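Letters A, B, C and D mark the chains in the order given here, with residues in each chain numbered from 1 onward.
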Amino acid sequence: MQKTVLKMAQSRRLTRDVWEMVLEGDASAFTHPGQFLELSLPEKFLRRPISVASYTEDGVLLLVRAAGQGTRELVTAAPGTEFDTLTGLGNGFDLKNHGEKPILIGGGIGLAPLYGLARKFVGGGLFPTVVLGFRSAADVFYVEDFTALGCRVFVATEDGSLGVKGYVTDCIRSFVPECNYGYVCGPTPMLRAVSVLPQLSDGQFSFEARMACGFGACMGCSIHTVSGAKRVCKDGPVFQKGEIVW
Amino acid sequence: MVNLSVSLAGVELKNPVIPASGTFGYGREFAELYDLNLLGSFSFKGTTASPRFGNEQPRIAEAPAGMLNAVGLQNPGIDAVIAKEIPNMEKIFRGPLIANVGGFSLDEYAENCRKLDACPQVGILEVNISCPNVHAGGKNFGCDPNAAAEVTKAVKAVTKKPVFMKLTPNVTDIAEIARACADAGADGICLINTLLGMRIDLRTRQPILANRTGGLSGPAVFPVAVRMVWDVYEAVKLPIIGCGGVSSAEDVAEMMLAGATAVEVGAANLRNPYACKQIVENLPGVCDALGVDRITELTGGAHR
Amino acid sequence: MVNLSVSLAGVELKNPVIPASGTFGYGREFAELYDLNLLGSFSFKGTTASPRFGNEQPRIAEAPAGMLNAVGLQNPGIDAVIAKEIPNMEKIFRGPLIANVGGFSLDEYAENCRKLDACPQVGILEVNISCPNVHAGGKNFGCDPNAAAEVTKAVKAVTKKPVFMKLTPNVTDIAEIARACADAGADGICLINTLLGMRIDLRTRQPILANRTGGLSGPAVFPVAVRMVWDVYEAVKLPIIGCGGVSSAEDVAEMMLAGATAVEVGAANLRNPYACKQIVENLPGVCDALGVDRITELTGGAHR
Amino acid sequence: MQKTVLKMAQSRRLTRDVWEMVLEGDASAFTHPGQFLELSLPEKFLRRPISVASYTEDGVLLLVRAAGQGTRELVTAAPGTEFDTLTGLGNGFDLKNHGEKPILIGGGIGLAPLYGLARKFVGGGLFPTVVLGFRSAADVFYVEDFTALGCRVFVATEDGSLGVKGYVTDCIRSFVPECNYGYVCGPTPMLRAVSVLPQLSDGQFSFEARMACGFGACMGCSIHTVSGAKRVCKDGPVFQKGEIVW
């Protein structure tokens, strides 16, 4: 973990509620895709946890959904706005034990950390399959960015307005039955549905929780695992399938 | 050079700044950021007899200038704390530790304190009486002067270490509770714990916290904490650890003027992991500006 | 079109937004800024039998996300209020007024309410029991269920208007006080009044307020107020006016979900004189977003 | 009263703790020198009351002493910073009944509203005498500005490091015994000392108080007067000598 100041370089609206933001500053604390940062916002006591969609030495790419007041302020901040930030939080994805046939599965804004993961894999010569689920065509974003990396990308929308009609699980069952190791991020019901797909013998699941500290001090984010309580912020946010108690 | 050292019922601290229980874990995460030996002491996470997971998710909600928590005393239980955590803490902090003790019955408090009495690393027992008494229909020990006195007696009977009773602010008359603890033999008072609060999610129309209510802490509670420290200082002749909303060296000074001998810093650590370090660093400057050579001169200054 | 109207013990308000007593004077200053008839009602400054200057200066101190006040019930006394202020208020607000009543003895409460009972402009009597009882060594009426019940009875005996008892949050068990008032015949409960707090001036080393302590209000107290409204909603079957830290239409919705039928806005008026107007204007949008046609659907929604 | 947004145009340091600030925006609510405004600062609940040292249709001049955290933030705000502000507060000075031989008496930062008053007087062809008191030479500011208006200006410093040694009262007794109507602003002990100068048969005194609203709603700022309680913010801040109860 590092405490540093990140400066808004640019913000671009992707859908009605999702923005792509580039923040500049010291990002050297990041070592793994799937890690996150915590931004301090004016007039908010708690920091806001956001995954790094990708990071370089001197900046981060964030994909942010304007979910409430804090994220709304964040995405509309003027270029040059500075944010006191804790960087390099959480464990991130393990790229080494990616199983036989890895697949990246993202639900909505949950695709954010998978983008950096896909880049890392591609950088290492592995082109994972990617399945992205959205509410409807109007909510779809970043599909081209995954495609541009050279990944095979499937899109599912709940209303069928783009790609496969249904959930990511429907899509996976029908179109990529061969994949057996998942890297998964999205809303908890989606994580759970994916976890019971019999084809996925193993995988890594990224969790969310309301956090106070984000660095392991307060036990605010603890969840049950097979080996007892674990902190989403410090022991996660990525957990191995076998650890998780649903 | 300002002399920052203070004495809490005979336990010497190099300065009055103490991270508050539950906001500093067992110090590990902070020790990666700075040398904990710059702190006066630290109060580690509340310990119960058995391991506890605590409440279900969500446990955290936001509040104006503060936060709600309903962690619910997650801890590995007294035996694991003594076997593993205290030896670990000894490696990262050389001074006397403050052991925060929870309990759901008089026996549990006594049992935990008896075990901690045998730990030389522990300088002070801080007894958190904001816990429901399972033998009294879940009534909070800290809300009743008799129950508070009983816990004090039960604990004092099993330890020679100084016992600081940590009070809940959710009472009509904090001075009455403090007096009950003092009369029962407490060596000091720590206050305040969190104020009971609630937030509701407009979308789900349900309380945000799985536990429904949670404890409010952070700057929002600072004026309440200062007032209660003042009240207790007027009521009892015991050293006071002031706590609640402290986030700057100026706040430490204000708490001390109200009557505190030492000061705990809670939620501020969560928002800014360097909070305690910065407070310790800024304290000499604040003392200088106030024309104070020894920080102990501040204690109770507003009562004169 | 969202239906914003609510009914408080039979008194119809066009919407649930009510400026809180002591933060709106007699409405005059705000009437210069906007038409007060857009409000549900307004609760005018607390009235005592005799004219009162209140406390000496300073009466105001700042707090994180809030403020302390120790105005001390400054008002011209019940007779002047009835002779001058109520007729003035009638000119700027056509709806039913809420008369906030203070008192330092049962007789004073009763006397004030008897006089106000004769004022047709007054729709509701809001009885502030956060006052010291001069006949009981200055013990606060609102801190004792028996005293709270006695005030309720004394007041109910002299008026046919709905009586809302306004509770202080500085108690161990707010539900107990609310039940005592309900059992004594109250028509509704208003809560919360301010939380007791203190700030100390580092330079002078003395409490900032001449009265030493003051009442904390503003966003800082919002989670405490929501929790207490929740508790009281569970405890009594009376309409509740929720109050404490409300500063947006979202806060109004949250208060109502916790159990409030109407909502008072206090300190927010002082920081932003247009606060109530903006809240009223934003309320339909918030209801739309929550899928609510009649705002009354929100009341108690978080308990279901 | 008006609620409006003022924008920091420039800020200039005059002494170790006093700044001159120009804020731009609608200042049409001001009608009298001696009125004040209330600025909202980020992360502070209560607004900060500051006298207008002078005003035009589209801006105000402020003289601000960095007394605490709020005013420190204010004086160091970057040009372009916007402040939500209540303007046109308080009654201000009465220029009509200025007595026979008016004198403007300011203590430290209390001289701020007197500057606008002096300008108004000078604009109307009356050149009042001005007495300004400071701690020491290092704290002196704005003397040339009063002089430039054509006023006769006396300076008193407590340590005698500039001008007359002593308080404004010493200065007045010794050098301007003929003046008999005071316009006075400064710390309360100074106001009181000036009020008992026998030569001043009458005058107007500007008061300070800790304020919550600043516009008359909360009774937070009430003081005793001969005609009962009065609000410094609404009935003042300027009170006639005869009204004041010391």
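Everything below uses one rule, namely that a contact is a pair of C-beta atoms (placed from the backbone, for glycine too) under 8 Å apart; a residue touches a chain by one contact, two chains touch by 3 or more.
As the structure is a prediction and not an experimental result, all values here were calculated from the model.
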Any chain that touches subunit C and subunit A: B, D
Furthest chain, CA centroid comparison against subunit C: A
Centre-to-centre distance between subunit D and subunit C (centres being mean Cα positions), rounded to whole Å: 36
Whole-Å separation of chain centres (CA-atom averages), subunit A against subunit D: 57
Rounded Å distance between subunit B and subunit D, as computed from the means of their C-alpha atoms: 46
Overlap residues in subunit B, where contacts from two or more other chains coincide: 61, 63-66, 218-219
For subunit D, residues that touch 2 or more chains besides their own: none
Chain contact graph, described as a line, ring, star, complete graph or other shape: ring
Pairs of chains satisfying the touch condition: A-B, A-D, B-C, C-D
Residues of subunit B touching subunit C in the complex: 61, 63-66, 68, 143, 170-173, 195-200, 202-203, 205-207, 212-213, 216, 218-224, 226-227, 230, 245, 250, 253-254, 257-258, 286, 289-290, 301-302, 304
Parts of subunit C lying in touch with subunit D, wherever the complex brings them together: 22-25, 28-30, 32-33, 45, 51, 53-54, 57-67, 69, 71, 74, 208, 218-219, 267, 269-274
Subunit C-facing residues of subunit D, complex: 1, 3, 40, 44-47, 86, 209-213, 215-224, 228-229, 234
Complex contacts: residues of subunit D adjacent to subunit A: 42-43
